[in-house]
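Look at the two complexes coming up: chain A is in both, with chain B in one and chain C in the other.
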Partner chain A sequence: MRVLRLVGVAWWLQLKIRSRSAFDGLLSLLYPAFFATTIFMMFRQGDAAGPALLSAAVGSSAMGIWSAVSTTAAFALQTERRQGTLELLVLAPQPFALLLVPLTLSMATIGAYSMAATLLWGRLAFGIEIAIADPLIFVLSVVVTVFAIAMLGMLIAISSIRYRAAWALGSAIEMPVWLICGFLVALSDLPAWVRPLSSVLAPTWGVAAMRAAATGQSPWADLGWCLLTAAGYGLIATLVSRWMVHSARSHATLALS
Partner chain B sequence: MSNPSSVNGSAALIAERQAAAPILAASQISTGYHGHAIVEDFDLDVHAGEIVALLGPNGAGKTTTIKMLITLLLPTAGRARVLGHDVVKESRDVRRKVGYVFGGDRGLYERLSGLDNLRYFAELYGVPPRESKQRVAELLELVGLTGREKERVEGYSRGMRQRLHIARGLLHRPEVLFLDEPSIGIDPVGARELRATVKNLVETGTTVLLTTHYMFEADELCDRIAVIAQGRIVALDTPHDLKQQVTTGTVLEIEVFGLADGLVDKVRAEPDVQSVMVDVRGQAEVLAVHARPGTDVTQTVMRHLDGSRFGRVITREPTLEDAYIELVNAA
Partner chain C sequence: MTNLRIFFVGGLTSYRALFGWLSPWILIPTFLFTPLFQILLFVYIGRTAGVSDDRFFLIGNAVVNAAVPCLFAMGNTIGGERNAGTLPLLIASPASRVPLFLGRALPVILNGFLVAVFALVTGSLLLRVDIPPATWGGIAVAIAACSVSCTGLGLLGAAIALRVRETAVLSNIVLGILIVFAGVNVPIGAMPGWMQGVAEWLPMTHGIEATHDLAAGHRLGEVGGALLTELALGAFYALLGLGLLRWLEWESRAKATLDTA
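Right after this comes the complex of A and B.
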């Protein structure tokens, strides 16, 4: 119960921090619109219509969630370090990985906005028919995907506890994940050696579940895999964070000086 | 200013405390970076209810020492226990019982209000939910931020931020409070209020280890002072006894306008002069000449200044600052 309260309160306050900058707010309005416009125009160019366009809309909205988390999560601990709060987080008598959950969850929550923005933009600007077969299960799939992406973000964030320059990792993997997880391109079109990599990335399963729910197919297997991989990230993050924090304490990298 | 027994009472009380087991015991702790020692063989015992200051120049290892004691840094050698817990092996137990406050603008969430900052850290530091609201209100009252708690921290003055830091550090009722240059950058009134808050905390049973550059702060607040230079303790005593350790006689301070080249070296070469320091204050340079015990160097120094334009001339007894400078220079 205490853990849930901690995650809940910290998530809400982190969300407050992230939603109070007018500049960041403007960017989060513009980014999904850029993504969506580019993708819809590309698909239109290829004469895509109906379910293909809906699939593209779902994929591009997942891109928004992922992009909001990947770069921000990698930079989050560097920001904490700069503002002098990273040491205070480490000093808290809680497992460090647990403190990262609300941090990255708040980013994914902001990213989830891009889902609504993209679908709305597609409807208004491109006239795409947004016919979600099972809206309730679709929303559940979105929630699970947001959570899974947050957990993956946590895994990325952890490396910057020890390595001050590890924030660059988020930018480096942002676009490859768009491809590898099949946000826009069918996984079957990717080379065979990429597919094992796709299967260990939770967004692959999350976006597949969203598409299944949107088109009236069963999303449960995809949701199960999505949750399982997310749980795996949580476990790895817990173990790795212990090592990273220990290493940061030995190498004095928790503070800027 | 002179403070033979500090805020905490008599020398007898200090002796009585020191007879009990220390609640903070550092034994030969060291740390370094790329083969360069930052703290070396640091030994210190702090007893319940004491205020001990770590005093030293920039880079002496004060903050590094505190960070080892609060588990943010791992010592490369030696052992330290806080409230009976090993700082390396039982770090979580240590963290539950200690508070850490540092000076300056950082360490707060700028976009959150003061109240939200305290709510956040109360959750992080495991303050029971039932107590959290009342505890936050109590601390806001203690640090004088009641009424301003809903404003965002980005609009706070430095003094307000520092007071919020103190409140944050006290949320979980720590038994030992570590203050790392808590009064840096705050105005004299704010610094005085801060000292009053620290005194109140000690009266309610909190033990304090603080680092500071301000001699009068250490002199006014502390039971004992550890002078650190180049990562080692070079002296550890009460403020009163530290002053007694000064080997200089009187100190002659002369305000000079336009110090001639080579004059400082000539004064320094005088047999009765132990050391010479020059401090720039506005248009003037203040020459502080430390005489050897039992000598008077006024006439000698004035002879060297013949033809120079000078202002105030003061002869005074050595202060804690003189003791500090002497100890650090000798290290």
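Right after this comes the complex of A and C.
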């Protein structure tokens, strides 16, 4: 119960902090919308209609969730360091990895706004019929995907704690994940060697579940894999963070690396 | 003589400072890795959507990546000074603003050119897209024109940075506008009329179109008009940027808002 309260309160606080800058908020809506607009125009140009266009709309709208997390999560601990709050996080009487969950969850939540905005944009500007076969399960798939992407963000945040230019790493992995997780391109169209990599990335399963729920297929297997990979990230992040914090304490390098 | 010194030495010093910040840890993911993945992403989306050929997406996405250093580095000429606490010194200096900022633009133009050429060459090898060797000279000229015009737009962004703190956000928005409107992934002719009207006034549009024509076998002279338009747009935005910089600098002094933007 205390853990849930911690995550809930910190998530709300982080969400409010992230919503302070109107300029940043505008970017989190506009940047994925630029890509979605281009993609809608490409599919229109290719005379796509019906399920193909719906699938493109779902995939391109989900891109915003990942966009909101990739760069910001990679830079999250550098930001805490600059603000002088990293030490406080490390000293808190809770596992360090757990304290990062609300941080990246708030980023993914902002990505969910952009997902809704992109779907609305597709409907209003491009006349894409957003006929979701199973709206409740679709929303559940979005929630699970947001959570899974937040967990991946947490792993990235912890892994990049010693990398000063972490934002560049986060920015560089934005498009590869869009590509290899099948946001818009079927995994079967990618080279065979990419697929094992796709299968360990939670967004692959999350987007597949959303697409399945939208088109009336069963999303449960994809949702199960999505949660399983997210749990895997949580476990790895916990182990890595313990090692990182121990190393930073013993070498006294927390604020320096 | 002083102006020439400010132009060359000042520009180079500023660029080296920028590269102190742009360590290989930033340079490689941002300038080499991301452009290639942008090309691959849109090539695969193009195949899925059943439109155009790989060469179209390769050229559009490789050339538009020249805008990344041109927009972000120019925006950072003001934003970086503010972060380093040296903006008041820069503004207080008696140096003429034209050589001061144009000198900073010169290395950035070269940077943008090299990023786009790397993306185009590596992308064509990865995707096995055949671009005839005889066309590469003309394509290089077209990419250089795009880098110049985008740096002009970047100078406008640098001026706005006197009022806006989030220069990277601003540059991202401008880059997004270029990706949508400049014919990067959708041919200008396939866009609605109002979008074509906007595209006409953007850097990159004419340069990308010229690059497509050159890769298809047109001669440099045949695309000369498009390249001149591209350069004229760059000059227009650069002049606008210098004018805005002058006005905002005056306003910052008058209202004492230089470091509070």
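In this section, the second predicted complex is superposed on the first by the 246 of 257 C-alpha atoms of A that agree within 3 Å, B and C clash if a C-alpha of one lies under 4 Å from a C-alpha of the other, contacts with A are read in each partner's own complex, and residues count from 1 in each chain.
The rule is simple: contacts are C-beta pairs under 8 Å (C-beta built on N, C-alpha and C of every residue); 3 or more make two chains touch, one makes a residue touch a chain.
Owing to the predicted nature of the structure, the values given are computational and were not obtained by experimental measurement.
Using the contact criterion defined above for the overlaid structures, shared-chain residue A:Ile39 touches chain C, although it does not reach chain B. More residues of chain A are touched by C (comparison of chain B with chain C).
In the superposition on chain A, contact is made by A:Arg249 with chain B only, not with chain C.
Contact with both chain B and chain C is seen for A:Ser21 once the two complexes are overlaid on the shared chain. Within the superposed three-chain model, A:Tyr163 lies in touch with chain C and out of touch with chain B [touch as defined at top].
In the superposition on chain A, no contact is made by A:Trp66 with either chain B or chain C.
By the touch criterion defined above, A:Leu88 reaches chain B but does not reach chain C. Of the two partner chains, chain C is the only one that A:Asp189 touches; chain B does not reach it. With both structures placed on the common chain, the touch criterion links A:Ser171 to chain C but leaves chain B unconnected.
Residues 21 of chain A are contacted both by chain B in one complex and by chain C in the other. Across the complex, chain A is touched by residues 23, 25-26, 29-30, 33-34, 37-38, 40-42, 44-52, 164, 166, 169-170, 172-173, 176-177, 179-180, 184-186, 190-191 of chain C.
Only residues 33, 64, 67, 70-74, 92, 95-96, 100, 102, 104, 106-112, 116, 119-121, 123-126, 129, 168 of chain B touch chain A when the two sit together in their complex. Contacts from chain A toward chain C in the complex involve residues 21, 23-24, 26-27, 30-31, 33-35, 37-39, 41-43, 45-48, 56, 163-165, 168-169, 171-172, 174-176, 178-179, 184-186, 189-190.
If you check the complex, the residues on chain A that touch chain B are 2, 5-6, 9-10, 13, 16-17, 20-21, 82-85, 87-94, 99, 246, 249-250, 252, 254.
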